[in-house]
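Next come two complexes built around subunit A: one with subunit B, the other with subunit C.
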Partner chain A sequence: MKIGVLKPWLFVFPALFIYIAVIFIPTLYTLYLSFFNWNGVAPTKTFVGLSNYTDLLLHDSVFPRAVANNLLWTLGSLTIIMGIGLMLAILLNQKLKGRIVFRGIFYFPYVLSGVIVATIWTWMYNPMQGLFNKALELIGLGSWAQAWLAEPKFALYAVFVAAIWNGVGQPMVLFLAGLQTIPQDPYEAATIDGAKPRQMFWFITVPLLRETFVIVVAITMVSSMKVYDLIYAMTGGGPAESTHVLASWMYIQTFKFANIGTGSAISMFLVLITLVIIIPYVYYTTKKSHL
Partner chain B sequence: MTKRWQAFVGLLMIALIAAGCSSSGGTNSEAGSTSGTSGTSSAKKITVSVWALQEHTWIDGAAADFNAANPDIQIEVSKYAVDPMKEALKVAANSGTLPNMWSTWGGSLGSFYAENGLTADLTQIAKDHNWPSLYNQAAIDMGTYNGKVSGIPYHLNAVDMWYSKTVYDKLKLTAPSTFEELEAQLQAMKDGGITPLSLGGKNGWHVMRLTEQLLEHFAGPELHDKLNNLTASWNDPAVVQTFAKLKEYNDKGYFPKGYVALDPTEAVNLFYPGTTGLDIDGTWLDGNIAAAGFNVNDFGVFKFPTGRSSVFAEMFQVSADLDQATLEATIKVGEYLTSAEVVNKYIDSYGTPAALNVTYSENTPHLKPLLDMATKGSFLITDQALPQEVVQKLFEAQDKVALKEWTPEQAAEGMEKAAADYKAKNKTS
Partner chain C sequence: MEQRVHPISKALKYVLIVVLAAIFLLPVLFIAFTALKSSSDLLTRPFYMFPEKLQWHNFVQAWEQGRMSMYMKNTALIALVKVPLGILIEALAAFALTRLAFKGSEWLFALFLIGMMVPMQATLVPLNMILNKLGLVDTYPGIILIYLGFGIPFGILILRGFFRTIPKEIDEAALIDGCGVMGKFFKIIIPLSMPAIATLFIFDFMATWNEFLLAQIFITKDSMRTITTGLLAFRGQYSANYPLMNAGVLISVVPVLIVYVAFQKYFVSGLAGSVKG
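Presenting the complex of A and B:
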């Protein structure tokens, strides 16, 4: 083997080493722990095989709800948050007066920590003193006032509205960067050919944003699968455990109940679901984009 | 040359990955061992690391006083909010990086560290230093597991009924002495346009204070204790009656709107100005009332019409992994921070001391009456008495009954199942 063959490995080594030490080995260790009943500090762990997994699937009343909530959150993120992000990016890519200010305004919530966002929105949702119910009363729609976070039917959606406000800035900035790499020539040619704006969007903008879409979709999927802070701070997983997601239930199992095995099993489910969704998507899109 | 280069890089990768593995593996079985003290001991100076709760503002001044008076010992305080403290302690326990001394609670929260051999056995020290003459015995007992004292108590909190004098004067009410009287007052407040109970259901524990008093009322002390010890079935008529009463109060609108998801802080904020009439809270509420800009004398306390008050202790547990000199220094720090001297100096912000022979402040007029009520009879607060898995199910049951997802009977069955599952998993009788 010549040195040239080894050279790429040398360059990749620092990142690969960190990846293996910080991600790969802990993941394997988590997988190992998921086969045990262990409280995190006892000198011995009891091997229980797959029972942490089967307990979650067959006996845990919260786990299926958490999986469903995660999937719902992912769907909402991929459609609503990404959709609004794209829409804002297109709007703010136009030559508008004050567009830089607007870019800052729409991006600003993204830099706030989840707990701060949760605090702001929890107060706005307060059933008696909150902004929303007071505003509804002021405009004569007091009968529409709700205890937004207290109804299992609405609670997750109410938190998701806060997530939209918080998260829309990120796809917006990424799409903006993507839009600025698209040359004007195809649009000019399409205009001469009599294309309508809608056609230009679908047949020029979207295909030329393919690389950006790969990144935005992957990031959105990953962040929506690991969503935790906003939900935990706004509802604590309630009411009646109805807003738990996998990460919050994993936290409860691990840190509150000291069920390290069960918490690890939830982590592995999270990894599995994420991989099942993301790998085919990234594989398909990147393959297609290089053809 | 090429082969040498290849071998060198290969060996380097293997060595580095192995180094990564070995450090990662440190959380494995050694985690349960007692390695990794954070205290540093030398002939000249010993550093004692203390993890305290964010709300313990008094500890900064007390630590500074101690450091000034003891040049050979240095206290290093780190502070955490309640939930981050619980998390940080679990992580530190798992990784063998617990501080010398940490703030925790009695019951099932503190027992985790004691029962896993992470705390020093302070039984002999307690005897030698005559702790029963220094601290309330109930507070010492709440930090004692399997006969071993595991912590130096600093708070003995009593939780009971607080009423707004503004509301009570307006409705011409006086503190009730029977359960029937209390219920009549709840209805009177509702009829008078006042929300009776200022309780927030988010995270469960605030509403739990009502649940446990209702359970005490319907089950009586003996069965209540058995339920908390998981030695009696939760599928009991008294439990059903408790949940049925919660449902009744919910249906009658005795709680703030949307209370199921209301943060306890938001709920208590309604109590200060008299929007609500009653709160079930602890000895620390005087401080909160004053901090919110209200007059503590506009509020009163009374015993929920059952025989016993809900109590819980807070303590400093001491790491089992200390050499003799560091252990002695840590005990000295712990006894100082919990002493009557420190309590008296910082009484306005200290909270409810476990120390005896202290002088209560005029700024906390309800502290002593609440402690006196608890002295006549008490039970350990439910979220420390029950295992955490069962506590979580209780919170879920409270919510589901209020949201009409469960009947009171289903709630009792759900509790019994959670208790049985816990016992099966932990092989307790």
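Presenting the complex of A and C:
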């Protein structure tokens, strides 16, 4: 009997142990570190209470920019990337010649690493030899040419364009999967009633994709809060710290400035925001799977 | 859902798709063009024109000077240990969660799920301290352990989702046949779950191959670098030699492209499957 009770825990143990050691305890310890001033090597840490948090909110010149950039990134992802993904899914859900090939083309950038995507696009944005400026010159708009990634006004948007190329495949595939579960009958009934395609989209397709929307929105928001690779490898947060997001600013504070407390506080902001987004989603998923 | 549409609007849609696909392929084409040019060719010939003479040796040079083979070997080694080991650990847990009903299993699953959302940033400093204590900084066991941890939530989500679809009657039949719990796991559940395991394998392999942040922090020796941090170092070194740099990028795309084309259906079904839970 004793073995019987223990048995499931024996199966779960390796996963649970590694999970707790790698994710759970370190996260809690980071929370602890966020209440201290520490440079990572000194034998003593100074307890400072919440001042790492208040300093970030009140005195850090980059933190508000980073938060704003994360929010902009989220907004852009929820509208542009999700929108293009949905549009592609709807187009490719019809019987088109070569739709498997097209699906493959649009999804492919998503399987590339952020560093590869960043390197490709940094080259495209190259001020002298890059595709964008060369193409502008070619069509007589040479005066519009820019050092795209070195200009604070444009840099974040330039990186985001790379993110669009990199990212539309994911919502596209999720929406395609969602569309395939929609039955044919409502469309037939609507056609008989004389509904226009646009009406069918808003009153049939969108409501029936509700579950897919929940998933795509949750994934998009979380990955927008975590965005790091592309920004680090394209601008490093520059020019003039204009493209920092929470993840990259945390990296700089922790590993370049050795402000472990400040870096930890930034991580905790990230955790907090992510949990606020995700707890309703996890609740929804676990509940649904009970049915 | 196949809607009957007007032929003209169908043609328009087709044009739209083709144009979008062309835009999506453009960056890759531009990279390939640059990689095959000589440095002087790059300056004198318009960007849209085919290279005067194909400079295949750019690839040889990038491969050798960029130490691409070393970075790829390192990454493959890490991935080929991490991925199967991770799947075994995750499958054991998912098996307990779905087949050995126990108190708190729902809570445990929720706990694992939350881990998928925790930003890696929130773990870096303590992980660094732990690895230091254990003497595992700049070692493959160290980075593999960390990769295992971050792979567990997604792996359990996928495998639990699939195990749930295997009818319980099959297990009960196995029990009658005298299979123990271990037998049930290895002889029934694992073989029946091969489609999900294959999907997870490919996904996890790609995620490991592409991982950047953890590799950046926990592997600092050049001879141990993975392909992402290696490519970044290569890029820093040859930032002025555009053809060589682009050849390096293209070389690092090739393995991903091969895996992608060979297993395309797994990518699509896997992603869709992961969210049906």
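Operating definition for what follows: the second predicted complex is superposed on the first by the 248 of 291 C-alpha atoms of A that agree within 3 Å, B and C clash if a C-alpha of one lies under 4 Å from a C-alpha of the other, contacts with A are read in each partner's own complex, and residues count from 1 in each chain.
Operating definition for what follows: a contact is a pair of C-beta atoms (placed from the backbone, for glycine too) under 8 Å apart; a residue touches a chain by one contact, two chains touch by 3 or more.
Computed from a prediction, not measured in an experiment: that's the story for all the values here.
In the superposed pair of complexes, A:29 makes contact with subunit B and with subunit C alike. When the two structures are aligned on the shared chain, A:15 is found in touch with subunit C, with no touch to subunit B. Of the two partner chains placed around the shared chain by superposition, subunit B and subunit C are both touched by A:255.
In the overlay built on the shared chain, the residue A:112 is in contact with subunit C alone; subunit B does not reach it. For subunit A, the partner that touches more of its residues is C, with subunit B and subunit C as the two candidates. Once the two complexes are overlaid on the shared chain, A:41 sits against subunit B while remaining clear of subunit C.
In the superposition on chain A, A:49 makes contact with neither subunit B nor subunit C.
Shared-chain residue A:121: touches subunit C; no touch with subunit B. In the overlay built on the shared chain, the residue A:147 is in contact with subunit B alone; subunit C does not reach it.
Subunit A residues 9, 21, 25-26, 29, 40, 123, 126, 129, 254-255, 260 lie at the interface with subunit B in one structure and with subunit C in the other.
Touching subunit C in their complex are the following residues of subunit A: 5, 7-9, 11-12, 14-16, 18-19, 21-27, 29-30, 33, 40, 88, 91-97, 100, 102-109, 111-116, 119-121, 123-124, 126, 129, 131, 134-135, 138, 165, 170, 173-174, 176-177, 179-180, 182-184, 187, 191, 197, 200, 205, 212, 215, 219, 222, 225-226, 228-229, 232-233, 246-247, 250-251, 254-255, 260, 263-264, 266-268, 270-271, 274-275, 277-279, 282, 285-286, 288-290. Contact residues of subunit A toward subunit B in the complex are 1-3, 6, 9-10, 13, 17, 20-21, 25-26, 29, 37, 39-45, 59, 122-123, 126-129, 146-152, 155, 235-236, 238-241, 252, 254-260.
Note for the complex: subunit B touches subunit A at residues 2-3, 5-6, 9, 13, 16-17, 20-21, 24-25, 27-29, 31-33, 86-87, 90, 93-94, 112, 116, 118, 201-204, 256-263, 266, 270, 275, 388-389, 392, 395-396, 399-400, 402-403, 405, 421, 425.
Residues 1-5, 10, 13-14, 16-17, 20-21, 24-28, 30-31, 34, 42-43, 46-48, 89-90, 92-93, 95-97, 100-102, 105-106, 108-110, 112-115, 117-127, 129-130, 145-146, 148-150, 152-153, 156, 164, 181, 185, 206, 209-213, 217, 227-229, 231-232, 235, 242, 245-246, 249, 252-253, 256-257, 259-261, 264, 267-268, 271-272, 275-277 of subunit C are the ones that touch subunit A when the two sit in their complex.
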